[in-house]
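Some structures are shown below for you to check.
Look for chain A in each of the two complexes below; its partner is chain B in the first and chain C in the second.
For the complex of A and B:
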């Protein structure tokens, strides 16, 4: 093999005309020229590697930044008063009281999960968990929001099995309970599944850590797994460029995860925090060392001097550019005071974690990287990490949208008798997006840790944070690409209120939002319009509800061929609850309780599960959003849970009222008799709308008879419309819609359960 | 009464086991795999998890951890030792219990509330149950299929060394529905399901009485506290 000849700063200055493959690294000619202007010379190949990854859409948010700023602007003082760390850090941190803080974030790993579903999904979990550790928190739970292609497409089985086993493998092996999520199937995700992973962590206020390199002379330490040639992709082009002769090296583009290394790294980091061994810390994710060094330096005292030869390698043949770009997993970078290095290394040694000192913090304002005794990078880190390109991409109102909205579901045939309603109901319940996901969730451990208070199939997951007081947090993730296709502004708000309502239905008080915005190509003006509208809707909605966006992630270029996915902004809402013992499950357990419907019902079937599952229809406009009604409902549910006067709460979402009744029955296998006459009479809707409309700001609750008067009083006092719509019935073993139809719970369950196993394999014990 | 829980690299349910001991009324002690020191405990729990990432074979590397020489000595002298899930796998790899544990027959990780029958109450970990008692505790594993050669199996059955058996559903293809074993002396017990996840109302399996109210695992930890007081 030929010796590697590094492209030095000196060499770059001496050879200004050298042809550089910037376009193969995804840089546009004007971006390349801007790098040359910043440096006053051509970049070295190492610098080119750094700028190209840090200025990529994924790292720089160059197409989305101008829109995302709304999340910072559309806030009130009340919204930010509990926010300890807001957007821009690895993850937002929210004060939940009693000296506790919670950090959470949702992030995408879509493209790798199509190419290599198992590793793509596994490393998606790994990456988001490292974001949580970086804040000084112990990760306490994960969730996942998944979108796959058509359930009966021949390739879907490969992707589903790979993604689910990847999440199962990595999350279970980390000892993090998987407490919820959602799964959708739609042909628009066929060659572009979405894998959005959420992690949540807890920390004491004083343990908060940030990603900055402060304190001149402090050491830059890389620790965790060794750096290898995985996840490099584009850097191979540069690698070939630096060989004096010989062909390019081929490196895999998808990272490979090792959850054992990550588990040890978690415990090691917690040991480092406990021993006060680190000043600043950053995980290594996309763009690896390039990202970590430039972000730490840019957010700190501004300078850093690093010797790349000190990076511990898995493969000694890696070039400098590959080392800078490698996305090898399970690595962290810490800023350590020299007098604490011994204590630091004592902790890493205890956990058999390798560490090496790469360099130190300076006040030079420059990030200088040496390799083999020569300077290969000399840049202002802010130009790499912060002041990247920003685009105001052209936007265009989609040409097809008016026709889609005009195709209203009002023309779709409605059932004329109880038998037909029953058939339609079962079609909805067994449709891929409404079917039981236990084939997936049975592969996840929700018990580990011993603090899981709610989990799938409850509408929100809940984790106890303080074992003495019972203080806990609830989380839900929601998105509805069908609604968003009809109206991205309203669709994003519908995801927000659904998630908000799920958290409120658990008895918790919604506090904060993280979002993962999945869209097609930003270079398509119609997609850019969808994106802008969705962000605007979400920011306006958060302002209305009074809960801030604390962080998240944007994923563009999600499309099959030229066809973009439905806009899919996944919204995660986090809430807190004083004592998880007061939580509300998504189903009733006892005989003879009254069932109450909270909220009013309108005829809103645009983009509904009924339109999709019964009529294969997507058109019209999605349900109306009423933030005041949502806040009133959430306030009522929180108060009722606190007072202990409701025994369960089921949010009404896709599938409408009857779907919620089915959830309530199936949760614990306790039957119910419901009636819709009063809904029909009060709200002026027909049976189809009463049963299947997806009007928002509604929930179904069960109330023990002795608490009836108190409960009615609470509803009146809080101005929430309420109707008694049924009773629980433990003995009947069925769900009865009075005057329409009834169905045995066993049949209900088998219809609900059969869909996923029919395509992916049996459920153990079912 | 001091009950130790060993943390190996990759142990996951160590904190759960410590909590279970505390809830049962014991004095829970954290032990570290790299020490040659049992810190004067009266009984030991090897918790669940993925020690060493299940590399080589589940439990194979942890079985050679420094502390395991002390564990084997103590077990041979009669100290109560319980292995849960990965801990069971470690005990098998350390030859303190018979047989082997392989990939679930259906090929996937499975988490479910599992019904078991307590088949042997003549151990310090099961004395708090009644013979043949049916209990429900969580199960969660990818490699829980119990195997043994015919002769070993015959001996296990003949000597009454099967401590727990799966009821209704065999979740992983275990021979003879074996969920857990004891050694001949009775002081060493291992099982795949997780008693430490069914010890606190509100965080255990659902029961007909109320959600998450199952505490069928608590008796296992109470048993050993009673046994070590008596001994």
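For the complex of A and C:
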């Protein structure tokens, strides 16, 4: 096989009429024609390989680009003042003070995680961690937003077990704490689970590095794991078609990850940056060498000359096209000054990492790749990496949406007495989307590294960055596909404010956003409409809250059969806190503290957990978003945490007030007595709404008696409506809703905890 | 009682991290001739009674569906032990 003649540029020019299997690589006829127009000839099979992967939806953002531009436009100067690196780089970088910066990003690995859940999810973690390393940061924590099919579907067990084991395997081996995330079950994700992995890293300001190929004569070095046949999938078609019969069999589309190799790679990259041995480092993810070479060249001086024979191979039978497209994991590409190559190699040798020089940076404006002494690629890298196709896809208001919104939850039967309320409450608490996820999170190491201040079940994860000053960051990921199905514009904003509120409830100040936008097929005009609305909602919301989107990714073509998933824009908000010792946990610990509800309650049950778990209903409109109220609430929580006058804060989200009370009780097993009469009287709602409505901009806090006056003064001063709604009770061992019902904590816990183990097996470490 | 031996290997083109680590360890012990190691699985399945073609067919089926993950592994041999 290796002695077959590669398809050279010369050959391509001489054989313009050769039939090329572009459609099998996902290219449309007009895209193929455009490649021919750009090159002025037919592409070689290597060029076709590169264009096809780089112009794929995943790499080129061709359907989403026109909408994503809003994130760049809808910003103010104040929003970007802490932003050291914005969208478009591997990950955004935010200044958090004291000379520290934080980089974070969330990315999807949905489709591989359905084919091979374990490796798919594991390599999802590995990929996002490499994005963080390439910015010069040390990764400090990971999180995951997961969506699975119906909890009782026979295939869900396979996917859940595989994905969770894959995440825990990779993250635990790397030594990164997994501090949070969320898990939902819904039939729309049956054949298309979502695995969105987030990583966060910390760096000193001066250690920031950008990946570009500048400096003519600088060397292009590939290092890390060897290149093998992982994740090539369709590329093998190219090879077999080019070389007629007897070509390689179709390669698998999955990749296998090696977390120990990645751990070494982290230390190696940090060593290279610290020793000033590199100009820049780019991680290799989707589209492998094709992506790294074209992006580095396009972002740098514009040219690069690469000899592909120098790539260290795990499998010597790989063809040039396969090497260009391989997605073998744990690889990085560096730009190194020639006089620093020895120092570079000294570091890689120390870490036992293999490296090879592939070529050099040029100012020719061309990316030229040689293979066996012949030129097989000669392209303008910008046409590959930047100026790909851009589509203004048709959009259409969904035909079914008006009927869905008209199907309001007001017609659903409400409880008439305390016993019924109790039954409904337990149904919500034990429902798959509200149930305790400790079956999942107990498989993750959330303390490794010794800097974890908050983790699941707290509403946000928190990590200490500076071990002396206590400076830290808090992160939360949220998305409510049910809300988004009802209204993608408002639904995306609800994901944003929920995440924002979770971070604020930990005592941190929200600073920046990363998003992972999961949608159905962009070729479906109704899905495209949902996408456009969600992006618009998110961009408008970020502008209102004054926090910028720093990066993220878009995942299209998520559907089960012909049914697209609910729009699922996962929003990760990152905030900073001066000292993690001032953090607020999501539960009270002491006797006799007052419980206060911040914010007002309206009757908002559209898309709620109550409608879903009690009535199996999805319809109406989602809760209203009030950005001013959210900002006031966040400001209050930050100030109260800073002054130490609240002892805990629980954000009110799905499940409403009573769900938040249950969270507060279950966090440390301390009971509470709450009353709703005053909520009912002040806000004009009934008991069902008081307990289960999902009105936004609310939080529940516990305040020690001696801080009562100070706390109420703070609320008045900041215009946040406040009601005393209960007291903590260490002795009762109960959650009591006065005049309605009471439940023993043990019962509460067993209902909350039973759901996942009942389907997936015993809880680890319980 | 007869035994059926099933052998499963990671797919040749995919990375085998454990095999790679083992190869490097062996190389550190100084044996320069070892260039690669791949680690697979061997199942010894004890049968009560006779090994019929039908039974072997059944074992082939479970080997593919249960004993291996055909996305990343291949069943490379199924044979009756001597």
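Methods note: the second predicted complex is superposed on the first by the 756 of 766 C-alpha atoms of A that agree within 3 Å, B and C clash if a C-alpha of one lies under 4 Å from a C-alpha of the other, contacts with A are read in each partner's own complex, and residues count from 1 in each chain.
FYI, a residue touches a chain if its C-beta (ideal position, glycine included) is under 8 Å from a C-beta of that chain, and two chains touch if they have at least 3 such contacts.
Computed from a prediction, not measured in an experiment: that's the story for all the values here.
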Simultaneous placement of chain C and chain B on chain A, clash or fit: fit
Touched partner set for A:172, first chain B, second chain C, both or neither: first
Which superposed partner A:115 touches (first chain B, second chain C, both, neither): second
Which of chain B and chain C A:427 touches, first, second, both or neither: neither
Partner chain in contact with A:254 - chain B first, chain C second, else both or neither: second
Touching partner for A:315 - first (chain B), second (chain C), both, neither: second
Which superposed partner A:446 touches (first chain B, second chain C, both, neither): first
Which superposed partner A:229 touches (first chain B, second chain C, both, neither): second
Larger contact residue set on chain A - chain B or chain C: B
Touching partner for A:191 - first (chain B), second (chain C), both, neither: neither
Which of chain B and chain C A:351 touches, first, second, both or neither: first
Where the C-alpha centre of chain A sits as vertex, the angle toward chain B and chain C in the overlay (nearest 10 degrees): 60
Closest Cα approach, chain C to chain B, once both complexes are overlaid on chain A (Å): 5
Intersection of the chain A residues that touch chain B with those that touch chain C: 258, 260-261, 352
Residues on chain A engaged by chain C in the complex (per definition of touch): 115-116, 119, 225, 228-230, 232, 251-252, 254-258, 260-261, 314-315, 328-329, 352
Chain A-facing residues of chain B, complex: 9-10, 12-13, 15-16, 19, 34, 48-50, 52-55, 106, 108-112, 138, 140, 142, 168-169, 171, 194, 196-197, 200, 202-203, 206, 210-212
Chain A to chain B touching residues, read off their complex: 165, 168-169, 172-175, 258-261, 263-264, 350-352, 442-453, 464, 467, 580-581, 585, 589, 668, 761-762, 764-765
Contact set on chain C toward chain A in their complex: 10-17, 20-21, 24, 69, 71-72
